[in-house]
Amino acid sequence: MKKIEAIIRASRFDEVKAALESQDIHFFTFYEVKGYGHQKSANIQYRGAIYDQGYIARVKLEIIVSEGFVEKACGAILDAAHTGEKGDGILSVCELNMLTNIRTGLTGSDAINS
Amino acid sequence: MKKIEAIIRASRFDEVKAALESQDIHFFTFYEVKGYGHQKSANIQYRGAIYDQGYIARVKLEIIVSEGFVEKACGAILDAAHTGEKGDGILSVCELNMLTNIRTGLTGSDAINS
Amino acid sequence: MKKIEAIIRASRFDEVKAALESQDIHFFTFYEVKGYGHQKSANIQYRGAIYDQGYIARVKLEIIVSEGFVEKACGAILDAAHTGEKGDGILSVCELNMLTNIRTGLTGSDAINS
Amino acid sequence: MENANIDAANQALNAVSEVGFTVSNIWILIATAMVFVMHLGFASLEAGFVRQKNVVNILFKNIMIVAIGLLSYYIIGFNLMYPGGEPGGFFGFAGFGLSMPDGAAGLIDYAGGAYGYHTDFIFQAMFAATCCTIVSGAVAERIKLMPFLIFCLLFVTLSYPITGMWKWGQGWLDQLGFYDLAGSTLVHSVGGWGALAGIILLGPRSGKYTDKGIKPIPGHSMPLATIGVLLLWFGWFGFNAGSVLSADPGAVSLVFMTTAMAAAAGALGAFVTSTLMFRNYDLSMALNGILGGLVGITASADGVTGTEAILIGLICGVLIPLAVTFFDRLKLDDPVGATSVHLVCGIWGTIAVALFGNYGDGVGTMQAQLIGIAAIGAFTFTFAFAVFGLLKLLMGIRVSREEEFSGLDIHEHHVKAYS
Amino acid sequence: MENANIDAANQALNAVSEVGFTVSNIWILIATAMVFVMHLGFASLEAGFVRQKNVVNILFKNIMIVAIGLLSYYIIGFNLMYPGGEPGGFFGFAGFGLSMPDGAAGLIDYAGGAYGYHTDFIFQAMFAATCCTIVSGAVAERIKLMPFLIFCLLFVTLSYPITGMWKWGQGWLDQLGFYDLAGSTLVHSVGGWGALAGIILLGPRSGKYTDKGIKPIPGHSMPLATIGVLLLWFGWFGFNAGSVLSADPGAVSLVFMTTAMAAAAGALGAFVTSTLMFRNYDLSMALNGILGGLVGITASADGVTGTEAILIGLICGVLIPLAVTFFDRLKLDDPVGATSVHLVCGIWGTIAVALFGNYGDGVGTMQAQLIGIAAIGAFTFTFAFAVFGLLKLLMGIRVSREEEFSGLDIHEHHVKAYS
Amino acid sequence: MENANIDAANQALNAVSEVGFTVSNIWILIATAMVFVMHLGFASLEAGFVRQKNVVNILFKNIMIVAIGLLSYYIIGFNLMYPGGEPGGFFGFAGFGLSMPDGAAGLIDYAGGAYGYHTDFIFQAMFAATCCTIVSGAVAERIKLMPFLIFCLLFVTLSYPITGMWKWGQGWLDQLGFYDLAGSTLVHSVGGWGALAGIILLGPRSGKYTDKGIKPIPGHSMPLATIGVLLLWFGWFGFNAGSVLSADPGAVSLVFMTTAMAAAAGALGAFVTSTLMFRNYDLSMALNGILGGLVGITASADGVTGTEAILIGLICGVLIPLAVTFFDRLKLDDPVGATSVHLVCGIWGTIAVALFGNYGDGVGTMQAQLIGIAAIGAFTFTFAFAVFGLLKLLMGIRVSREEEFSGLDIHEHHVKAYS
């Protein structure tokens, strides 16, 4: 089993979700994160002082898939999250030693096909 | 060292925490995430329009343990997070290359027994 | 490629960020998490009842670096996040199978040098 | 010629009465608007003191209470409370809806030149809904919406006007010498008894009383709660000083002063007591202390000195943390402290009438006050307990565990308070 | 000696008139302060009904509208609306700035002993800004700041006073027998027509109307919206009862009562209707129902009975969910429901004048009311459409897609509402 | 017979005075309630302008200030400020507590038929606490609770009444011809000087002034701040127009008008200036501009024309961003801009008395005004500096670094504002 992690623009979330669904990937987890990268944040200005808020609000996706799905999932994300402007984000994959579905107790790729 | 990650129902957090403690696991990190899975979210209704909010609010746990504790920890979580209803979540384990305790500088399993 | 994950005190975030920058590491992702560990949280007191809020608010950093940077990055964090008091947090490293930059499509260490 | 002179003078005197009537009447209308603000105050306070997941629910209830309260008081309540006939009675009903007497009889002659019929109605109607708002805070976070609204309808249409009539409708308690200027008992204790019946039958919010002790469930927004309390204080100037039922300068300004001093003293009393008891500066206690002081002075605001008002308020402030702890020990879960504020301080304030100020002789007054407290308490608690009990049997009054965990907002209203 | 007597009596009569003047005048000033609170109410309501990312923007707009409204009404508006000359006219202008007549002419003689010149100005000036505040909610979350402020300046300086003069400046509609106590049409529909023009030219917020249907965009804070509505209700007592333009006890207390009853009935009507339509207890609808009831009773609050007020309000409440759904079906996106509340209920309230109460004969009155609604609607909509259209051509009125996604706060104000 | 006629007429005249007294008195009580709302306004504004982690603390302080202010003014302050004896003096004390003269002497005869004794006390008492509330915003987010409350107790019990007496207690400044209607100097500058002393001795919040420049620390809730400012504006109508100390129609309506115009102009001035200076539409500046305009007009609201009021307010608005930048350059950290609003605009407003309107001759008045500003400034600053200095020595006034980082709420109150 692999865990795919993608850090994407908040504004591309809907598109990425749709792309994953079109690849029959309906299960994933996401949360809001903050990132430093090429893209710089808008300045905050308050009472005459300007400051660089620094980070950019982003969404991080975590998708656990069996080997067979890695390519499809990555392709879908790379496509849908892409704008070509600085700040599109990154996508990584790592190996899992074990996966269990808490409800069914099934492990490995069965854990997510149940 | 292994990192255990579990995505559970927010409503089972207290039980899972108690189960971990009963296994002498007192250290872990958690945060709020949102998930898509079998369980579907309640609809949001506002000014006559209905919409599927889509995600379900969940809690993600991260627990770093030495090999010897993996089974105990996983067992505790699987047990305490289980309801049998759709939406119980998943549990995964992955390998860490390195672990250091920032205060003590100790590494490996010493990092968490100090 | 390696993924470094550090769970640090919220109050050391600015120092850690500066230390990373001094090592030429400008890209990373962070988010707020809650942790249980040696350090105990302040009590919450409300209407006469006291309770242990339990967790402590922490910041988690995720930094993806190529092998060559792992030591520099870890050193910087270990240094800047250290106070010597209980609650300094932990630092872990794990292996990534794959990394792609969504904008450029470049993979591996090119993904973050672009 | 002589007559002409007398006529001119009489004309002037008539004109003066009319202007005097205009002043008093407009003051009571302004007081009405200030009492209205108390509904906003209660809504804010209660919303601030519940958890995020139940905020829409409490706001919805408080909005609907005002609407239901005004409408039902229009149709039935007013004529149940001020029936006109037979002073000293227990019950009376003057027919449905409003029936303003024609001409001067509905205006300058209606209440001896102090206010007109419509003014009377709308001022009293604003008061009426208050008693339900008090209940709403106490039963928050676990009661079902529909049974609660039905309870409110019955409480404000029947229970409140009937006991209100006993005193303000010149009923038997009035005859007896019972005194309660603006409703320490008639409004606040009544609300408090309703609240008590509710929380007994409902049980505590799950997770509040554990084996390891009391788990506090902090309110989700202290600014909202604070705004609520200060708006209530503002509205209370209208509540108490409007209850003078004229613009009489001596009485109204005395009431303003005593009301403010009691509120301030309530804050101080609760601050000191809670700091000593809990070794903590507890904002929620100071806020409840203010409200306690206000409830306490409500019965006697027109007859005590400033120093007495401070004393009354101070004692309310001291009572608040004690009462909160007391109810918690009984596992009576009251998220906003309504029973402590409105019931406990309401009773104390009614007793204070006999201890301070110049209301009749000591013993006789004390007797009347105690009888009033007991009679109204018994009636109201029985009524509320019966209604809540019946509703519990017929349709259930408590939401399911799952609803409670995920919150009433998402289950009963399908929205979130914040997004 | 005889004369001395008469003098004394006359002196007394004069003194009475002066006190009567003092009462009326102070009441209208207090009403002014209450109308001012409506601006706070609108700011809270609108802020609560937009998304977090656009909160600073809507607050900024509402603050500036009050400032611009008061200043421009001082310089031009007031003299455009109350020009003094030629009753029955269409247009008049009495020169820039204020010019208070000296002595009694600006005080007790100014309006027959009811209020002075400055009171007249400041009460009317508080009203004026309201019409823009109504627009601001409807066009929220997508309009550029500068063009919006320019629109407001023109709307409140020219459009509102001109149509206002037709009735309240003794213009041709007044002559015709058109009746509108406090502005169901003159204020609320006017705001509603402006809002309608705006949302037509702006288009909906992106993402609202999708292929799969209407995607609701919930407001970010229900407590804020609720506080806003209750503050508006409070202010409305001043808005309607201040429009009696004296402290006349009969009229003012009637208006207080009818205003409260219509608001309560509006809540109930919207509650029942929306629960039936959507099978959901929708707080935002109940809130809009209250406002609808208030808008509806605004034209006739001084001439209907309580029961009629309840009926008028109830119908407003029923209209609200229907109108919201209707505008949504037309893809006219109005985040706060301003068109439903102010336009639809404003029209209904103006018609109600001819159906209820005792304003002239039925048919004649109905004709006058319909002519008034149509004339003012036509003028205002045309004016607003032309101004928004011109601004669209000249400088664009809508923010870019990217700005809309990341929010107006960060783009136009470089801050966040919450941090 | 003749006598009878005269009696009737006299009776009528007496009755008229009484009604006149009733009107004036009720107006000042209503104004009192409006001034009370300013405390809510300050609490909201300051809570909005601090960070989330310090919200409970600022709310707690503002609640306790009102309580302490009212109580200590009752016990000592009032009799220090209005001692009755020796006009032209520097100091006087009429004994502890209230002592209302019996009968008419405490009512209609107390202030020439304008208001009674209790009204006088409660109106002035509401004012008193204001000066501390101003300080509380400036020293927010880093001062310890207990020393702050001790400072407030001394400030409101001694400093404010003593300088207040110089003018409003018929003291030496009054004799000199110094004019300050409602307290541009006596209330607002006094608060501003106290704030200045506090922030000098406390030092800035850590992290505010860095090597790389000024790091803004945005307030945590712009809606809360906006609600606060609009509530302050509402209350200010009572503050200024209540200070007319009667319901005199000419004066009260003039004050309403000038107050509103100055506030509006303040918003505009700050909007334009800050937009030019910072190229940004800064809501916090527009809000401060409104307050600046209100502070500025406070001294002269009863004696300037609308156009002059606009000018005064406009200058206040322009001053705001300049003053904020100025204080920041001096590294005087003031989270809510209290010094800019209350001190700078307070001084300007007091000077404006000599430049506009019709208060005595130009030069003489200017001299009196400058002497008043200097004398009160010197006394107050010295007093505040000494008290804060002493407290710093004795118990420390600043929280620890760690407390500052994690927030005063968790450390001093053990709760969070939001959960």
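Letters A, B, C, D, E and F name the chains as they come in the text, with residue numbers starting at 1 for each one.
Everything below uses one rule, namely that a contact is a pair of C-beta atoms (placed from the backbone, for glycine too) under 8 Å apart; a residue touches a chain by one contact, two chains touch by 3 or more.
None of the values given here were measured: they were computed from a predicted structure.
A.B. asks: Check every other chain and keep only those touching both chain B and chain D; list them.
C.D. replies: Neighbours common to chain B and chain D are C, E.
A.B. asks: Count the touching C-beta pairs: is A-F or A-E ahead?
C.D. replies: Output for the comparison: A-F.
A.B. asks: How big is the gap, in whole Å, between where the Cα atoms of chain B centre and where those of chain F centre?
C.D. replies: Distance between chain centres: 54 Å.
A.B. asks: Taking each chain's centre as its mean C-alpha position, how far apart are chain E and chain F in Å?
C.D. replies: 32
A.B. asks: Do you know which chain A residues sit against two or more other chains?
C.D. replies: Each of 31, 44-46, 50, 94-95 in chain A touches at least two other chains.
A.B. asks: What residues in chain E touch two or more of the other chains?
C.D. replies: 5, 8-9, 12, 16, 19, 23, 30, 218, 221, 227, 280, 282, 284, 413-416
A.B. asks: Between which chains is there touch?
C.D. replies: Taking the chains two at a time, the touching pairs are A-B, A-C, A-E, A-F, B-C, B-D, B-E, C-D, C-F, D-E, D-F, E-F.
A.B. asks: Any idea which chain A residues touch chain C in the complex?
C.D. replies: Chain A reaches chain C through residues 2, 6-8, 31-38, 55, 58, 60, 74, 77-78, 81-95.
A.B. asks: Note which residues of chain B are touching chain E in the complex, please.
C.D. replies: Listed in rising order, the residues are 44-51.
A.B. asks: Mind pulling up the chain D residues that touch chain B in the complex?
C.D. replies: Chain D reaches chain B through residues 405-406, 410-411, 413-416.
A.B. asks: Tell me, which parts of chain E touch chain B in their complex?
C.D. replies: Residues of chain E touching chain B: 213-218, 274, 277-278, 280, 282, 284-285, 321, 324-325, 328, 337.
A.B. asks: If you look only at chain D, which of its residues touch chain F in the complex?
C.D. replies: So the residues of chain D in touch with chain F come to 2, 5-6, 8-10, 12-13, 16-17, 19-20, 23-24, 27, 30, 34, 51-52, 218-223, 226-227, 229-231, 233-234, 237-238, 241, 247-250, 252-254, 256-257, 260-261, 263-265, 267-268, 271, 280-284, 286-287, 290, 305-307, 310.
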